[in-house]
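Note that chain A is present in both complexes that follow, paired respectively with chain B and with chain C.
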Partner chain A sequence: MNKIFLLSFSMLVNVVQADLVSIDDFALSKVDGEGIGLVLEDFIFNAGSETAGGGTIEISGLKGSSGQDVSLHVSQFYILGNGSIRGSVVDGNSTNIGRLSNPFNIELIDGDDVGVANKAVFEFSAPKLHGTTSVFTPTFFNQIGSAGDFTGFNTALFDDDTTTGSRSSERPDIGISVDLEIAAVRTQSLNTHYKRLSIDGSRLRLWGSYDDDVAKTGGRMEGELTLNIYTHDLEFFACNSGDSFGDNSCGTSIHFNDFAAELQLGWGSSQPATFEVNGDGNFVFEIKSLEGICGGANTGIDGCTASSGDQSTDVVERFYSSSGPFSNIYMGEVKVGERSFGNSTISNLQIEYLKVSSHDL
Partner chain B sequence: MKIIITVLSLFYLQAVLALEPLGENEMDQILGLGGVYLSGDLTINDVGGPLNESGAEPGDAWQQDCAASTNERCGARIAVRTNNTSGWIVLDNLRGRFSFEGLTLKTRLIDSGFDNDGASSSDGASFDRDVFEIGLPNTMNFSNVSYTLANSNKARPTEVGFKQTDIFNVKIDGNVSLSGNLLLFPTGNP
Partner chain C sequence: MINFLSKLLLLLLLPLPFSYAQLVPIDDIGMSEATGQAFIAIDQRTEGSIDFTKVSLGIDAEMLINADLVEFGEYARSGESLGSDIRLENFALGEVLSDGTIAPFKIKDPFIELAFEKNSDGSGGIQQDLVGIRLGFGKAKGAFTADIKSLSGKLEIALEGSLQPIKDTATGIAWLATRFMSGNTQVKSTAVLVDEVGIPDGIRAHLIGVPKGTAIECAGSGSCGLAGLLQYFTAGEGFSSSCHILGIGVCYELSTYRTLEIGDNIGRDSDGNILRTANGGVASADYSDGLFLSFQSKAIEWTDSDVITHDGGFLNIPEGGIQVNFEQALHGTDRQRTRYIDPYFN
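Coming up: the complex of A and B.
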């Protein structure tokens, strides 16, 4: 009897002996969006030498035009609830950043859905925009110019609005005041203040790639950055070092009221953005060109239809459509002092190629 | 002998009865622990540490004290590269002391609050789930924390042909106010 039991148990043990098999990129690319949500509740950040009990933050190593040492001393750097009046209302002025039902999110997504075929893509995203998703409504139809399709500017994005994105209580005031020190003499204080800032709809996507997929050589990290900035008021002004807003030494403020920037850098694996350091120790930021993506003679604005490259069809056509990448900037009103300079927009700016590299002086 | 065994076995039976499953009602009466309260104090490479002079040949210029070196790369170094044939993005000369008091870790059920800017609806009530809460310390203290952001062609300064471009240095000394809670929770439909 005992022997029979032992035998049957040992068989059971054999049955459950399975190897752990590593998941390859293809299998991982099927991973579906269960991410980690992040919300900051009652958040206050306040630092800098002119804050109560605050310490010094110094950025150095920069040189002036004639070789003097230049350093920046942060007198205040804050993230506070809105209504902070340039960072002066700190106590109890907390803010939520992100919403329980629309949080910041970290997850692995299926690359097939976002133009990175057969790969898992890491995504860090800000709260999503809902409803109309641009300051231009609708941007793409504006671009091709059909009469009546352009319905104006979506200025609701600048204020609390449950239909477009973050609420008023989820839009912090952010600002930084920096004292400029040139050759050990503090000269000026430069101030930048954002009122009711939201970055709804922003996201960073990263994935790995090879120059040669078969030999697995030339591995690198590629990415795509969508950066949206919506603020009710972006203000710059300068004072003497140590002075703050309202003091006599302070110059006139420059205001960008209702300022929006919607930037898209990179577009899936067809036009990835890379940030690398070259062999000389200088950085290179590049957004690749679409040139040659279709292969052979099958190129041009009508789209490539051959199944080459890592997108099967019509990459170029889609690049120049509403699903392609484009950047918009909108300024509701530019004001210097009390004088208005009107409003200005940049729309449907498409980056076809970008390369920025640093060089030693 | 038999009597002893019988008595012992009776005891044994009694012992079996001691373990009982807890009912849902009894479980309700149990209070969980309130989480963890942390204070921390970390000092790294305060007087420099075993890093070497830039451009020196491997192994011949190890410094323990930054002050004793004229051309120092002094402190911890983190090097990352995003392309396996290229150069490195570097956080160098990482030094200083960093301390905080009162970081809390706990789980929390959110089933109320988070009002829609004072309107009647409550995000918390519809959320109705547990979150992991990291309570930020009200003050973080930095004591001479410094680092350099740089680009380099080698991971370590000891390697032959090492070249590095420093972009800027940051030094933080004193207190930074940081309060609030960071809430972490699974998204999607787990």
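Coming up: the complex of A and C.
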């Protein structure tokens, strides 16, 4: 019994005296990155309209530009297996969020491997891309004279029954129907539906940083977000308030068919992204400016490469190469009502600087 | 060796040091102090048979972005030779100045707007057909850079500056007519999207020019001497041929305007050149309203805009925000640096 008390006492003391210290390279090299996998199998979520006094999701406190009260009443919010026909097929129509062989993952990884030197990095990642590293083939990468048509889109991700058939059960239909209430009058039901949505390859990485690494002051959290969105169809339409898909008041839609977006926001410690909330309650999202990356006056047609030859030059050259951060967006077909407006593309978008801050309207 | 009882007791005791804090429900007073910043506003209005629902975002954004290609509406369109409604190559918003600092492109209060047409549902009721979607940039200012290969929408450029560049390029009867006009005379006109014969055409345009029937006029309030005679000669009419006034070409390839500075009240010198700071930034400019991109299946006049869009993709670049002098009109505008390693610069 004495042993028990002694052990308990000593453990408590140890907890109190523990201190967080930086993990050194040697210890970091032993981090194996097993992490925690998250999988939800046979998953069905369907929040419907109010029944027998039951609760609903309601967003209030919004205003119109002239000050009238605005509320959003969520009449349906669903995550179902594909083929749900805008959320109308619920029973037995389950989906999988990840799978055991390719789950959502939470893990601590070695920052040296992902452009954040000498730090451990927290990573939350969606299942890896299946069978391809990207649905896009990069286009012309800033080379004069080689601009051509964007032909690099790989539609394999949408071909469920062929190359990626085993993953089709992991691409849910997701939708939300919202009744819009303005000045106490419900005016319209707005509907958004994703068919076969996938965010494979997405990941969020977070790490700590200081303004002054030596004095350890100005501490903050930094990160980078890789956000991939693939869907066979993103559809918007409207009905009279209280109505839903299938009712006569629901009119023609706007469709974004075969929509794919691969966005990279932030690029390791070279260009971290930050998200902060000010004291006044507004948020600031920033992707760090590349200002100063040249290490000298930035004159001359070659920009950075003409003014410095140090490591920073390598960083900027990598930024503008295929290993740099870039985003692509593709819509196979934009359709308004019965009119088709073909495909649309934003290719090799690079963000040298972005700052977004909110304010009251 | 720790036996089972030891392990059990240890597990029970270990959480104790961490259990002082407790999650408790927030009470009404506490809840009432949650501000819930209202950075979203939702409005509806009806105009004729069209309902509009507009979601405005209280957001200030500043950016320097580049893209190899921005293309909207690539499909075969009857009567058009170009393949896309909008095709911008080597696109950028914002610029890098000569000292390496960034002059960001700025937008304020962007919004998304949907347009619905009320039609019969065939059984005595009304259905709401979605006929358009618009992404508005709210207020905007900064450098808009691109090789504009095809543009559908509205772009209006104010031409204003000295007559000298016109005199320098004039030949034939125009040379004779302008010999006795002072090169310092300030003249002006307006250029819009046109087709090859100078007719205003905002669908898949690759030319911008003084439209048929429009003249170059005296810019000052008083007399501008013999240059005032120019107002009697209009593009494509009388003594002028298509896209010409007295032999002077007045239609220009959009792609020669490589950087357009968007903004109102941009500071300019007497020749119409933008006043710039030592590092090349625009010295002064206000925000300009009206930059938006939309897709619609029919002509729509959107909220807070007097621009009537046509079907398809439509990019509206604000009226009055862009001005070039005649030197720039004839020879294009330089491309500003938009990347830190920039193969397209100038």
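Keep in mind that, in the parts below, the second predicted complex is superposed on the first by the 274 of 361 C-alpha atoms of A that agree within 3 Å, B and C clash if a C-alpha of one lies under 4 Å from a C-alpha of the other, contacts with A are read in each partner's own complex, and residues count from 1 in each chain.
Basically, a contact is a pair of C-beta atoms (placed from the backbone, for glycine too) under 8 Å apart; a residue touches a chain by one contact, two chains touch by 3 or more.
What you see is a predicted model, and the numbers here were worked out from it, not measured in a lab.
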For this session: Compare chain B and chain C by how many residues of chain A each one touches, and report the one with more.
Result: C
For this session: Would you check which partner chain A:Gly279 touches, where first means chain B only, second means chain C only, and both and neither mean what they say?
Result: first
Exercise. Touching A:Ser340, do we find chain B (first), chain C (second), both, or neither?
Worked result: second
For this session: Considering only the touch criterion stated at the top, classify A:Ile85 as touching first (chain B), second (chain C), both, or neither.
Result: neither
For this session: Return first, second, both or neither, reflecting whether A:Asp360 touches chain B, chain C, both chains, or no partner chain.
Result: both
Problem set entry | First, second, both or neither for A:Ile351, with chain B first and chain C second | second
For this session: Would you check which partner chain A:Glu58 touches, where first means chain B only, second means chain C only, and both and neither mean what they say?
Result: first
For this session: Once the two structures are superposed, pull the chain A residues common to the chain B and chain C interfaces.
Result: 61-62, 281-282, 358, 360
Exercise. In their complex, what parts of chain A are in touch with chain C?
Worked result: 3-4, 7-8, 11-12, 15-16, 61-66, 70, 139-144, 147, 150, 180, 182, 187-188, 190, 236-240, 248-254, 281-282, 289-294, 296-299, 301-305, 316-317, 319-320, 334, 336-361
Seminar exercise, completed: chain B residues touching chain A in their complex are 81-89, 110, 114, 116-117, 123-124, 126-127, 136, 139, 141-142, 148, 151-153, 163-190
For this session: Please give the residue numbers of chain A that touch chain B in the complex, ascending.
Result: 32-47, 49, 51, 53-62, 90, 94, 96, 99-101, 103, 105, 107, 160, 162, 167-169, 218-221, 274-283, 358, 360
Problem set entry | Residue ranges of chain C in contact with chain A within the complex | 2, 5-6, 9-10, 13-14, 16-17, 35-44, 51, 53, 56-75, 84-85, 89-90, 94, 96-102, 104, 109, 114, 116-117, 119, 121-123, 125-133, 147, 295-297, 311-313, 337, 339-346
